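Next, two complexes with chain A in common: one pairs it with chain B, the other with chain C.
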Partner chain A sequence: MQEKNRGLALFTLLVFLFLLGPLLIISVTSFEGGNILKFPPEELSLRWYENIFNVEMFLVAFKTSILVSLGGNLLALLLGVPAAYALSRFDFKGKSVINAFFVSPILIPGIVLGFAFLRYIVGTYQLPIYAALFVGHTVIMLPFIIRVISSSLTNFDFSIEEAAESLGASKLGTFFTVVLPNIKSGILAAVMIAFLESFNNVDISVYMTGPGVSTFPIQMLTYVENYFDPTISAISVLLMFITAFFMFIVERLMGLTYFTKR
Partner chain B sequence: MKKRYLYLLLLPGLLFLTIFMIIPILLTIGTTFFTENGFSIQGYLDFFKDRYFIEILLTTLRVSLFTTIICILLGFPAAYYISKLKQRKKAIMLLLTIFPLLTSPVVRSFSWMVIIGKNGVVNKMLMGMGLIEQPLDILYTPTAIIIGLVHLFLPLIIVTLVGVMENIETDLLKAAESLGASRLAVFSKVIIPLSVPGLVIGSILVFVGSFTAYTTPALLGGKQRVISTFLYQNAITLNEWQVASIVATIMIAVTVLIISIMNGLAKKLNPKG
Partner chain C sequence: MALFTLQDISVAYNKQNILKDFNLEIEKGKLVSLLGPSGCGKTTTLRLIAGFLQANEGKFLFKEKDYTKVPVNKRNFGFVFQNYALFPHLSIFDNIAFGLRLRKNSKSEIEKKVMNVLEIVNLKGFEKRYPQELSGGQKQRVAIARALVIEPDILLFDEPLSNLDANLRVNMRVEIRRIQQELGITTVYVSHDQEECFSISDQVAIMNKGIIEQLSDPATIYKYPQTKFVADFIGFKNFIEFDKRTDHEDKIELNKSGYSFVLHKDAQMTNASGKIGAIRPDDLLIREKEDMGAVLENSLSGRVKVSTYLGRSYQYVVETPIGDFTVNKEMTESYRTGQEIILEIPRNQMVLVD
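Moving on to the complex of A and B:
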């Protein structure tokens, strides 16, 4: 019996080596002192980290990505919080259909969604690339916002809200003073999950590049196609730090159940 | 009174999604069925006669199938091990699983270019040990795409399975053992059947995800096209919007088909009925 567990433990260890090893290897290559990306590096330096800040297109794209992800997030919140509230608070006919409708952007392949956006939002609707990026990212963030906030609203006791109303508070006033403060950690978690989803997105953004407009992951792809130096390794390390930080916060706010429940 | 509030709360989101997602998607699908002479499925007929496209479609399906099978074979035992750990250790293992899941797919695919490239880690190691003389051509092949996709989706299936296995009651397992069932019997007669719903959901996520993934095949596949890179190539490089729309529609159709087949399967197999 013990034998079998040891075998299973070893197997799991190998699986995790496969999962995390590659990330470790590129992290090590980011400290290369020479000009060519190799593992292990010959001499150590931080010059490729410096190089990130010398590549103009990375700086511009980083700003674009931050603006699109934050702006889209805000719009997704304005649309999603009322919807999540309505879906959790009231029972009505067609509720499950509307629920499914709001989650549907996840079910359509991203690379298809991006093409449809390009053809109709940029093409037919004539929105500028920047605005189309913003709208497209809002669409893909909305399901995450609604799902996470709905799940945090299911833990909310709506009788508190009724009590506040019976004491004379207005509907809107109650929402802002009673409901919102109670689900603020859910909202923060939703914002962070949606932000990562948008910031890392390739499938939509890959269609929406124009003169001087492109998101950060798309610039990374373009860079990899042209140069094979450790700059991308250095960027990867920075991105992994951001990811780890976000994951830590979400775990604090919601626990790990968000990730294991499906 | 209540009704009015309800619409007011739901309407902005519904309108936004309708205008910016539903209409573009429906128009994309719709245009593939119309030519100047009205309704026609000629576009599709031409498509399925095209050897090149059929090959891409089959390659993509094969790659997705292999990815799904490998993910199950690697993920199931690992998930079982994790689900049996004590709370604190389990949390750490889950964090280590979720971390790659949240990491940029560009970063993850790039890491494999460093590992399986011509001068990559694997080739250097094998040549250093004298096992091969010429570097292996792994990068830019379907195998490279499969490796990248397994790396991309393995955490997803592990996390999904841990979620399901946690709910299998320990008492049930103890009861089975105390009634004389061997460990293998417990595993095959209790744990596997009860994990089926998670296995089905996990497989859908992996298969559909692999079928539609863009970044990994774009970076690791080289000239080897899969359906998503074929769609992008037609839309952007070749400006063949009609072809791209047909490919997009086929991708939606296959996705919907797989999800409904697997959902039907899940309902049939679910031991709880």
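Moving on to the complex of A and C:
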């Protein structure tokens, strides 16, 4: 038994190393003092972190990404909350089909979805780049919004809606005073997960971005094609931290919902 | 005069009738129970009164006004749910104040009314807690307080005690009755628990397959069920389908396969045509074959088929020429299985039902 456990521990350690090793190496290289990305670094410095803020195209792309992710998020929420509510609350014909439809953007390869968008949103409908980005990102966020909010609605006791109505609340009032406050943390978690999904997205954005407009990850790609300095490592480290921070909050939020539900 | 009336109500779901030409009148200040097995339509009736459900046909009259299409939130009826349905994100105070805030009560009014109702349900000092910190019984008290505080015209209970343990159930039903009588509030109470309904109701409606089989005060139903279903539901385990019924001035003569029985004619026993005799296991008498003495009237010879021990008494299944009977008898020693005995149906213990 003891032997077996030790073997398992070693295996787990190797898996962890395999998964985290590259991230570790990137993190270390981000502190390189020289001009060329290499491992191990020759001298230590924070100058490449500083450099991120000196490269204007990063700042512009960062703003674009934030704008697209937040705006698309809002749009996806407006569509996703009612959809998740209806899918959890009511039984109707074709419910599973609609459910599958809403999840389909996760199942279709991003590169295919992106091409479809290119063909129709950019091609047929001739939407401007910003609008196309909004629409595309809304679509990739929607499944996450719907899934996460649906899961926070599965334990939802809909009889409290009836209770609110019997006490005099209208249907809409009930939704805002009773339903929303009880799925608050689910919504927040959904927003964060969707934000990360959109902010880190490459395969859809790559079709939508055009001259002058670029999202942050696309800008990173472009940068790597032209330069090979450790700036990219520094950015990667920052992105990792942002993502980890969001996921940490999501963890806490969903944990809290379990705690309050019983 | 009736406070509210359900008139020729029909409710169908998936083309299946749940209620069909259903009629019910309830008087002001009364507690009326709807009692019946699951699927009998009792909860449907309650949800219809509340307005959660719309009837396909028929009218709902409240104070002689047509309320059929009035939405739930405009009815001012209190509803107490089986699973309490408290708002988990609100404190007990805010849970109870919910309805008052919608009614635009002033802050001081809300405070006063909430405290007052908390006292009625014996939960003073709980206002700052949250629903998940309360026990089942306390939650249900909050639910009752929340429904009461809006001063509803009707209070509706949907199996409010079925999630509580047995002891608490008894306490809570006494509480519910006390509050209902103190405030004189018209109440409709749905349950499948016979004892619960009988103990607190002014009137009980026994429902079966979407119709009311009998609506009466509990004592009358207990003693004089009108139909076989009601009799069976309230514990008349033995039924004899007689071939012939002859009414005399002070007695009724009944015949079954050549055996004849006599019943006292009881003024309260209103069923004038029923030919099914119903009798409780406790009311049948068993005698040893040896000491049969002079009494032969209303008696059958039988044989003990099964004997089971119930704690306070023994229960026997007795085989007779006109069918099997279930009999309870208190005694220290049991009859043996297979023993020949005499079974007597007392003159005044059998009722006739449809």
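Everything below uses one rule, namely that the second predicted complex is superposed on the first by the 254 of 262 C-alpha atoms of A that agree within 3 Å, B and C clash if a C-alpha of one lies under 4 Å from a C-alpha of the other, contacts with A are read in each partner's own complex, and residues count from 1 in each chain.
Just so it is clear, a contact is a pair of C-beta atoms (placed from the backbone, for glycine too) under 8 Å apart; a residue touches a chain by one contact, two chains touch by 3 or more.
The model shown is predicted, which means the values in this text are computed figures rather than measured ones.
Asker: Both complexes share chain A, so when I overlay them there, do chain B and chain C fit or clash?
Answerer: fit
Asker: Tell me which touches more residues of chain A here: chain C or chain B.
Answerer: Ranking chain B and chain C by residues of chain A touched puts B first.
Asker: Is A:A234 touching anything from chain B or chain C once the two structures are fitted on A? First, second, both or neither.
Answerer: neither
Asker: Look at A:E165 in the shared chain and tell me whether it touches chain B only, chain C only, both, or neither; answer first, second, both or neither.
Answerer: So A:E165 only meets chain C here.
Asker: Touching A:Y207, do we find chain B (first), chain C (second), both, or neither?
Answerer: Only chain B; A:Y207 stays clear of chain C.
Asker: Please indicate which partner A:V178 is in contact with in the superposed arrangement: first for chain B, second for chain C, both, or neither.
Answerer: Second partner only, chain C.
Asker: Touching A:I129, do we find chain B (first), chain C (second), both, or neither?
Answerer: Neither partner.
Asker: Contacts for A:V191 in the overlay, against chain B (first) and chain C (second): which applies, first, second, both or neither?
Answerer: In the superposition, A:V191 contacts neither chain B nor chain C.
Asker: In the overlay, answer first, second, both or neither for which of chain B and chain C A:I121 touches.
Answerer: Touch partner of A:I121: chain B, not chain C.
Asker: Look at the superposition and give the distance in whole angstrom between the closest pair of CA atoms, one from chain B and one from chain C.
Answerer: Nearest C-alpha pair, chain B versus chain C: 10 Å apart.
Asker: Is there a shared patch on chain A that both chain B and chain C touch, and which residues make it up?
Answerer: Overlap of chain B and chain C footprints on chain A: residues 260-262.
Asker: Which chain A residues qualify as touching chain B in the complex?
Answerer: Within the complex, chain A contacts chain B at residues 1, 4, 8-9, 11-12, 15-16, 18-20, 22-23, 25-26, 29, 37-39, 78-80, 82-83, 85-87, 90, 92, 98, 101-102, 104-105, 107-113, 115-121, 124, 135-136, 138-139, 142, 146, 171, 196, 199-200, 202-203, 206-207, 217, 220-221, 224, 228, 232-233, 235-236, 239-240, 243-244, 246-247, 251, 256, 259-262.
Asker: Spell out the part of chain B that touches chain A in their complex, as residue ranges.
Answerer: 2-3, 5-6, 8-10, 12-14, 16-17, 20-21, 23-25, 27-28, 74-75, 77-78, 80-82, 91, 93-108, 110-115, 119-121, 124, 151, 154-155, 158-160, 162-163, 166, 183, 198, 201, 205, 208, 211-212, 214-215, 218-219, 228, 231-232, 235-236, 241, 244-245, 248, 251-252, 255, 259
Asker: Under the definition above, what is the set of chain C residues touching chain A in their complex?
Answerer: Result: residues 50-52, 71-79, 81, 83, 85-89, 98-99, 102-103, 132, 143, 146-147, 150 of chain C touch chain A.
Asker: In their complex, what parts of chain A are in touch with chain C?
Answerer: On the chain A side, the touching residues are 157, 159-160, 162-170, 173, 177-178, 181-182, 184, 260-262.
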